[in-house]
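All chains are identified by letter, namely A, B, C and D, in their written order; residue positions are counted from 1 within each chain.
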Amino acid sequence: MGHAAHEHYTVTGVDNRKFAMWTLIGSECFLFGTLMINYILNKASTKINDPAIAKYLIEHGKKPFIAPTDVYDIDLTTISTFILLMSSVAMVLALDGCVRKNLKNFRLWTWVVIVFGLLFLGCQAYEFNHFIHKGLTLSANNFGASFFLLTGCHGAHVAVGVMLMGSVLIRSYLQPDWFDSVVVEVLGLYWHFVDVIWIIIFTVVYLLVYV
Amino acid sequence: MASSENHVSVKMYWIICIVLCAITFLEWVIFQFESIRVNAMIMVPALLLMSVVKFILVCGWYMHLKYDHPVLKYYYMAAFFLATAVMMALAVLMG
Amino acid sequence: MSQTNLSIASIYKYVVRGLSALSFAFLTGCFEVAPMTTIHPVTEAGRDINYVYALTTAIAVFIFLAVAIPVVIALVRFRERPDDDGSIPEQVHGNVVLEFIWTIVPVILLIVIALPTWQVIFKQAAPASEKALKVEVIGHQWWWEFRYPDLGIVTANEIYLPENTEIDLSITSNDVLHSYWVPRFSGKVDCVPGHVNKDKFTTPLAKLAGGDYYQGQCVELCGLSHALMRFQAVVLKAEEWQRWVRAYKEPPVVVTSLEEQGSKIFNMHCASCHTINGTPSADLDIVKVGPNLTNFGDRKKMAAGIMENSVENLHRWIRNPGKVKQGVVKMIPYEEILAPQEIEAVAAYIRNSTVRKF
Amino acid sequence: MTGFFKEVWSWLTTVDHKRIGILYGASALLFLLIGGTEALLMRTQLIVPGNDFLTAKAFNSMVTMHGTTMIFLVIMPLSAAFFNFLTPLMIGARDVAFPRLNALSYWIFFFGGVLLHISFVVGQIPRGGWFGYANLTSPTYTTDLSVDFWAMGLQVLGLASLIAAINFFVTIMNMRAPGMTLLKMPIFIWTTLVTQLLLIFALPVITVALVMITFDRKFGTGFFDPTLGGDVVLWQHLFWVFGHPEVYILILPAMGIVSEILSTFSKKPLFGYSVMVYSTCAIGFLGFAVWAHHMFTVGMGPWANAIFSAATMLIAVPTGVKIFNWIMTMWGGKIRFTTANLFAISFIAMFTMGGLSGVMHASPPIDAQHHDTYFVVAHFHYVLYGGAVMALFGGIYYWFPKVFGVYLNEAMGKAQFWLYMIGFNVTFFPMHFLGVQGMPRRNFVYAADQGWNFWNFVCTMGAYLTAIGGFVFIINVVYSLWFGKKAVGDDWNGRTLEWMIPSPPPVYNFAVEPTVDHLDEWWHRKYTSSGTRTDVQIEAHVDPSTIHLPGPSFWPLVMGFGIFVLAGGFFLDSYGATISIAGMLIVIISGYAWAFEDNG
């Protein structure tokens, strides 16, 4: 059980920081649960409230409604899911590199995690831009609002994850012998959880709409 | 504890990675066949099952839940199922 | 249920009915009949609520005694005597039997409350019968609108009802949350914008000529003048009700020249927001923002039941409604626009010519 | 820096759980004065019918701020003061799991309180009710910034409570003394644990609801606007899914405190400890299944009303079990009537009455008559004021010698108790009558002919009596800090670990970490099983420098201020965005500085 100097004896044997991250994950379950139920309840209200957008749609020969199936592009979303899954795999390999104190692997997979995270955010930015061009903005209708709230909040969590992994990378460059595997594991937990939430979002938000 | 003796070997990680990619690809494939997509009786259980499998894989192995103190597992399951139960009740109540 | 069948259900029914009748007498005994009292119902729906109300109060008092008496005994018997020898009492850790008893007994008492509760819930939730009088209640920011779709009548702040008739209310709101509540009829129902809530009750027999007045009030915070959003339910005798419905359609009776001048001012200034049946204001097909004033003369109270329907009150209101009722902005103050004489004329018209002989 | 600035600086940068506890307690009592004044203003307005002491806008603001202040800025931080000070002491730990995070949650709470009260300065006091029901809070019906102050204030306070809850949950689960299994923890630690779980699970729901109302007001979405396809009832559901666990968050710590006080002053262990633990967990779990009993009249349909009334009645059973266990704790004991014990005993009586009036409107037909009337006001004041606040005052009198090393004066304490007890009942028992007579809540004025004149007058007199009791408490604290009887360590012949160390406790808490074999470990060290007293000394002082303790840190204060600026940016339309970004930068910079700070 003995570890680095500031390691405390803990009753459950799990490091305090890791236990705290799991507690935060439990809390985030409720956060994303509420966002998802808000999406499920609001995805049916597709009537456009914003008069400017309604006029824009009518001019383009469409009815002033935007339904999920009008805007979703499943191929792009599947690629996003694939990217986030791969970043999860990279994360777990980075942790393995850190535990084995293999600097090359550790830095390589940390880079992969950051790049894939940014790629995912890129896909999401592109998707949001694509929606806005189609007229689905935040204040267009409640479907748009609840969709952007849910995926936006998830995107923010991915961005925070990328930033944290960035600081791990900076720490590794500044201090090559820094291999605090607990910190990397805690960030790994956060990253995997964000990926798991995307798995649920991918099914509930994108796929179940087509059914 | 800090996983100095890491229970999960790198090989296992890659196996899980492949399984995850396969499931994601399968989800995409189901979507291409018009006949399957429209039929909710197949689609909903299939999609839910696949997402649950992916969920367990990532949580169990990648998040090291299987090898850590069981209190984490009980806490996480309690949080997850309580959240799901409250949200289901909300869905029913809001009609 | 046959008379001689003393099954558990019937014993349970007699005990519970007896208990609630006893506590009902105690409950109503010590409260005089305030206008908004919740325990002097006059409708059958209200009596159902009161039956569960009295029963639960009786059980609550019983449980309170079951807690208070042992506490007092413990405090008196086991207080530390001044000449105490410093020894510590027996360190009792628990007693399974006691734990079992004070878990099961409350469960039983709760079941005694729960069964009538569910019975009353589902009884009141049953839809009203076809022949019930349909009335729409619409809450506005700080006044009430009542519509009778079958009779084509729209009135405000005083809901006229025939005696001994089943009423089927459809309750909604036009802006924010309100809550329709006549305590003596039955429980409150929220006016939720975007939803229509139902309520049904059978009105009591009317005793007084000119109708029995029952008080009601908005009970959900709806902005500044939430406290000034009251209304009255008027239960009329059967023939009075028929005469009232017929009289409601007749145009206002203009007698004096003051009222004549008043009607001209009304049609010019007030018609864009208010309507009086049988006048040009009724023909405008715009959505009226203000309350309907067709039978304003008959109403005992005005401005949503907050003050007597008197001449100087109406003058004060027309001059500056915002000062009388904080937050009223839709109706602008007329003290600069109309001369005092003109205000007197339009007030006379609204008060006198809208009186319906019924 | 002179001595004074050094002292202030040490308080601003403290990470010691004991000092943070004192900071929480002091802030809570300061906000209690504000909340109490708001209550007195309302009662003065309602003293006679047709009164014009307060305008409608002022009254609605007082109603909203009294509710919000008392719940979020008085009872929760006062409970947090007890969590902070006592949790490490009772489980035999040196400090909480993350000391700097503990300081951060205090400073975020502090700035959240400041943000809420800036609305007074700019004259945009929230007036939509402490629950802020939708549609009235939508931009069409509340055009000024009052609702934004309320929403952003609660967001910041929610964040503070969430960080503290995670900190304490990890502390209790991971840092108990060797040998202290979960069923050997003091009961107060159990109620603290369940309270933290309730906070962790309930706060995210209100966070999402507040984000949605802020988006409705700032970015034109239509979540709660029926004309834009939204649904007003969705807000009520989301608010009360948080709201009901919130009221158990307010009452469970009080139950823990009462259990500790009663068992100490009866010289007996808590009766049925394991049953008390299971009922605490049952209350915590069922707390998530009963929220819709606040919405019986909104028209959810008979089935929803029936199910939620059953769940609400079910939750009355574990509460009732606790009450009978307290009575049996006193039964057969040697009861000493110190002020703390008087408060604890009055908790049993008042909380029972509150619980019973609650069970009454657990059934929808009765709630149709009680909802939003003064009967509900009477109910939740009996449970929150007669329950939580009285118990928390009992806790203050019980642990004051341990915190400050001096006893609070018993004579003044009893005077305050009787003023509170009588004043409380004179104020709130007549409200049952007003409720039965149909007086609605949140009415800034009532007419003379509505039959409520006499009892409103009586209630206001009771409120003034309680205010006097409040002043007696302030005098008592000031007097006792200077002239109070000195306390040594085991000040009330207590049972739990915090009484085995000197009071005020040294910085390092335990010189040597205790090993625990029994429930009520300190009692078992003092008395053998046959009841004879063995003389066990309080733990001797040790040179603090020999024990490794985390150093003070300035960054929690900076990050708290950053979050304050971030939230503040939402209120200014033109350059608000830049202020929020500046706040975000402060948070990120202090985050990195925090991470790289070698805090030892």
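Criterion: a residue touches a chain if its C-beta (ideal position, glycine included) is under 8 Å from a C-beta of that chain, and two chains touch if they have at least 3 such contacts.
The structure presented is a predicted model; accordingly, all values stated were derived computationally and were not measured.
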Grab the C-alpha centre of each chain and report whichever is closest to the global C-alpha centre.
D
When C-D is set beside A-D, which has more C-beta pairs in contact?
C-D
Indicate the whole-number Å distance between the mean C-alpha point of subunit A and the mean C-alpha point of subunit C.
51
What is the distance in Å between the mean C-alpha positions of subunit A and subunit D?
34
Touching at least two other chains at once: which residues of subunit B meet that condition?
71, 79, 82-83, 86, 90, 94
Out of subunit C, which residues touch more than one other chain, so two or more?
none
Which positions in subunit A touch two or more other chains at once?
12, 14, 19, 23, 26-27, 30, 34, 41
Make each chain a node and each touching pair an edge, then name the shape: line, ring, star, complete, other.
other
Okay, in this complex, where on subunit D does subunit B touch?
173, 200-201, 205, 231, 233-234, 237-238, 241, 285, 288-289, 292, 300, 304
Residues of subunit A touching subunit B in the complex:
1, 3, 7, 12-15, 18-19, 22-23, 25-27, 29-30, 33-34, 36-37, 40-41, 74-75, 78, 81-82, 85-86, 88-89, 91-93, 95-96, 99, 181-182, 185, 188-189, 192-193, 195-196, 199-200, 202-203, 207-208, 210-211
Footprint of subunit C on subunit D - complex, ascending
55-57, 60, 128-129, 133-136, 141, 226, 231-233, 266-269, 271-275, 297-299, 301-302, 305-306, 309-310, 313-314, 316-317, 320-321, 323-325, 327-328, 330-337, 345, 348-349, 352-353, 356-357, 359-360, 362-373, 433, 435-447, 449-452, 527, 531, 533
Complex contact set, residues of subunit C against subunit D:
27, 31-32, 34-39, 48-49, 52-53, 56-57, 60, 63-64, 67-68, 70-71, 74-75, 78-80, 84, 86-95, 98-99, 102-103, 106-107, 110, 113-114, 117-118, 120-122, 124-125, 141, 175-177, 179, 181, 183, 186-190, 192-195, 197-198, 215, 217-228, 306, 326-327
Give the list of subunit B residues in touch with subunit A in this complex.
1-4, 6, 8, 10, 13-14, 16-17, 20-21, 24, 27-28, 31, 37, 40, 43-44, 47-48, 50-51, 54-55, 58-59, 62-64, 68-69, 71-72, 75-76, 78-80, 82-84, 86-87, 90-91, 94
